[in-house]
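Before anything else, here is the set of structures, which you'll find just below.
Consider the two complexes below, in which chain A is the common component and chain B and chain C are the respective partners.
The block that comes next holds the complex of A and B.
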């Protein structure tokens, strides 16, 4: 269940952020390898449409009303395990700042559309499982975790659709963080590697909350 | 089957909306006789009342504006010193206006208005993700409209001057004016009072206002002095209230609050002398 790695790939396939949350993942991979890895992922994502069996494509194009809605799964990656007293203590010291520009105690509370309609959403191997969330603008958020699911509530879940939905919820929150701490940073230049320490910190917090 | 992920820029005519500007493809427009001598409608901003109203600005929108402001100043300035001075100057103009406005608003009897809080930046939108997601979510309206007040002021008949019986005197003591900055001004700007107001123990002309999470610069990583905008507001406020001073911002992380910022206010010597003469040491 532990998150091992998080990547952010920009719309042209360049790796703009990578972070591993386990020490041994890095072994034998330098930053150049990561760049290549991200490009390969981006490329295989793009040709995945062509790999889809013809029958599936036909059935998809015939029925246009496929539901791409991802349900909201409450408090993925949020500090909900904390006691209410602890939360109110934080609330008193930082009244609105807890979630940046987002109101309330979670980033969003409604179901949302998945923009990842024809590419890879999940990649399963014996060693790890990888989930990909794509935004409307073509930005990709990739998370690799050691087991099948990201859900802390039922870690042995084998319901694959549910696992994908949890991962989508989680990665969309990373996207929320990105929209706050990267896009609102005046010293960040578009499409370039992310160096914001604040983004680092918030991502770390969110990953820690998953456990 | 291939799906366009990124929309290409198109030369679609549908995106051009008719505008009132000069249409060079048509040439000069002939104005109708009754159009020429019609009185121009004055901007609503002048007939608006200075009265409070509950007004919230989207924090995302404000953050983007602030970000672009920082980037512009950063590009134009030659040194860190220059950058801070320019940013200070941007805030200064706001501060000087706030003295009059906030004093006027505080003169209004409290029972006059139902809504007593007015926030420039108090809250934020939950909609920033929805902007980029188009179809999803509700996109909560962030600018709460002033519908509860417009009926007084629409035609300008109800004037604020009629409501105010006696004007609140401007604060003359150092501590009073600092309390005003710490409480009233901070609430007006950021929706909450600042987290602390401290007197320096080393020098008696130094005071500190502490903000645990600066509203405007919370998305900007540490290492740059973008808080000088708020410094400018404070300095403009105090200068035009006849408390000349210098204000500087210092990042002082403390425990969990690693964006805690301290605004150091150094009053000129003669302000202290005046305070002593008038109110005793």
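The block that comes next holds the complex of A and C.
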């Protein structure tokens, strides 16, 4: 279930952030390989949108109301002890403003629509499972984990839709971190590699909270 | 768990996001900081207000292309299917979340591709009186047009944004005009439909 790596790919397919969370994953992958991997993902994502089987397309057009809603899954990647029962125990000791410009104890608390409608959302192999979240501006957030699911509460979940939803929740939170710590960094230039230690730190915290 | 985002009105989403999900800064600090920037720019450009307008616009543009990510991460709202929806999104959600105001949308063009936002209250221009020499040319809040231009461009809407009138210049109201040039279809991220 451990997160093995996280990639952020800009709208033109360039890798702007990569981070591996396991020492041995890096063996054999240098930064050039990561760039290639990102471009391949970007390309195959675009190709995959064209590969939807005809039958599926027909059934989609006949029932236009396919549900792309992702339900809110509480406190994915949030520190333990932030669930409502435990918080009331510690009362006011929970420090305010811990989530940057986001108020409250979680980045969002309602279900949302996925922007990624016909692209790859999940890629399963024997070795790892990969999830892709694409934003309206064309940014892709990619996470690879060793087993099927990112859910700490439900580590052996075999409910695949649920796993995708957990990953979408997690990656939208990474997007929230990106909007706060990368976009508001005046020294960051758009579309360039992210070299923010603050972003590094917050991402690491969120990934650690998953375990 | 709350109801799906779409069943709520944009107005309710905007209000909820502003009230419960956004950290605030002191409004007066914000107003005064912006005032300091504008007055410094006027000094730096030797009171060439055309250049000040342009500079404010480009500052706003650079803010907009980044701020849009914040807006999208915060709301995760689906794409607007037409300009009418876009106008509501801007006035009821975007302005609400970032500035706690809801400008009125009026003056639609006959093709429904251009509209005006009436800024009844403008937090940027509280306490402001323009000096005599600036009255004619300076668009004090021009940073807003830049922000809108940049943000809309990042969601593939190529628009022109400009101020038509400003209370600060003695006009009866502050009017911000937005005109859609083109939807940049080629740049819509693949996989959205």
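By our rule, the second predicted complex is superposed on the first by the 196 of 211 C-alpha atoms of A that agree within 3 Å, B and C clash if a C-alpha of one lies under 4 Å from a C-alpha of the other, contacts with A are read in each partner's own complex, and residues count from 1 in each chain.
Going forward, a residue touches a chain if its C-beta (ideal position, glycine included) is under 8 Å from a C-beta of that chain, and two chains touch if they have at least 3 such contacts.
Computed from a prediction, not measured in an experiment: that's the story for all the values here.
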item: Touched partner set for A:197, first chain B, second chain C, both or neither; value: first
item: Which of chain B and chain C A:122 touches, first, second, both or neither; value: neither
item: First, second, both or neither for A:39, with chain B first and chain C second; value: neither
item: First, second, both or neither for A:181, with chain B first and chain C second; value: first
item: First (chain B), second (chain C), both or neither touched by A:20; value: neither
item: First, second, both or neither for A:71, with chain B first and chain C second; value: second
item: Partner chain(s) touched by A:137 [first = chain B, second = chain C, both, neither]; value: both
item: Shared chain A surface residues [contacts with chain B and with chain C]; value: 11, 49, 97, 100-104, 107-108, 110-113, 115, 117-118, 134-138, 172, 175-176, 179-180, 183-184
item: Complex contact set, residues of chain A against chain C; value: 11, 45-46, 48-49, 69, 71-72, 97, 100-104, 107-113, 115-120, 134-139, 172, 175-176, 178-180, 183-184, 190
item: In the complex, chain C residues that touch chain A; value: 1-6, 20-23, 65-70, 72-74, 76-79, 154-155, 187, 189-193
item: Interfacial residue positions of chain B with respect to chain A in the complex; value: 1-3, 5-6, 58-60, 63-64, 66-68, 70-71, 74, 122-126, 128-129, 132-138, 140, 191-192, 195, 212-213, 215, 218-222, 224, 226, 256-258
item: Interfacial residue positions of chain A with respect to chain B in the complex; value: 11, 49, 57, 61, 90, 93-97, 100-104, 107-108, 110-113, 115, 117-118, 134-138, 172, 175-176, 179-181, 183-187, 195-198, 201
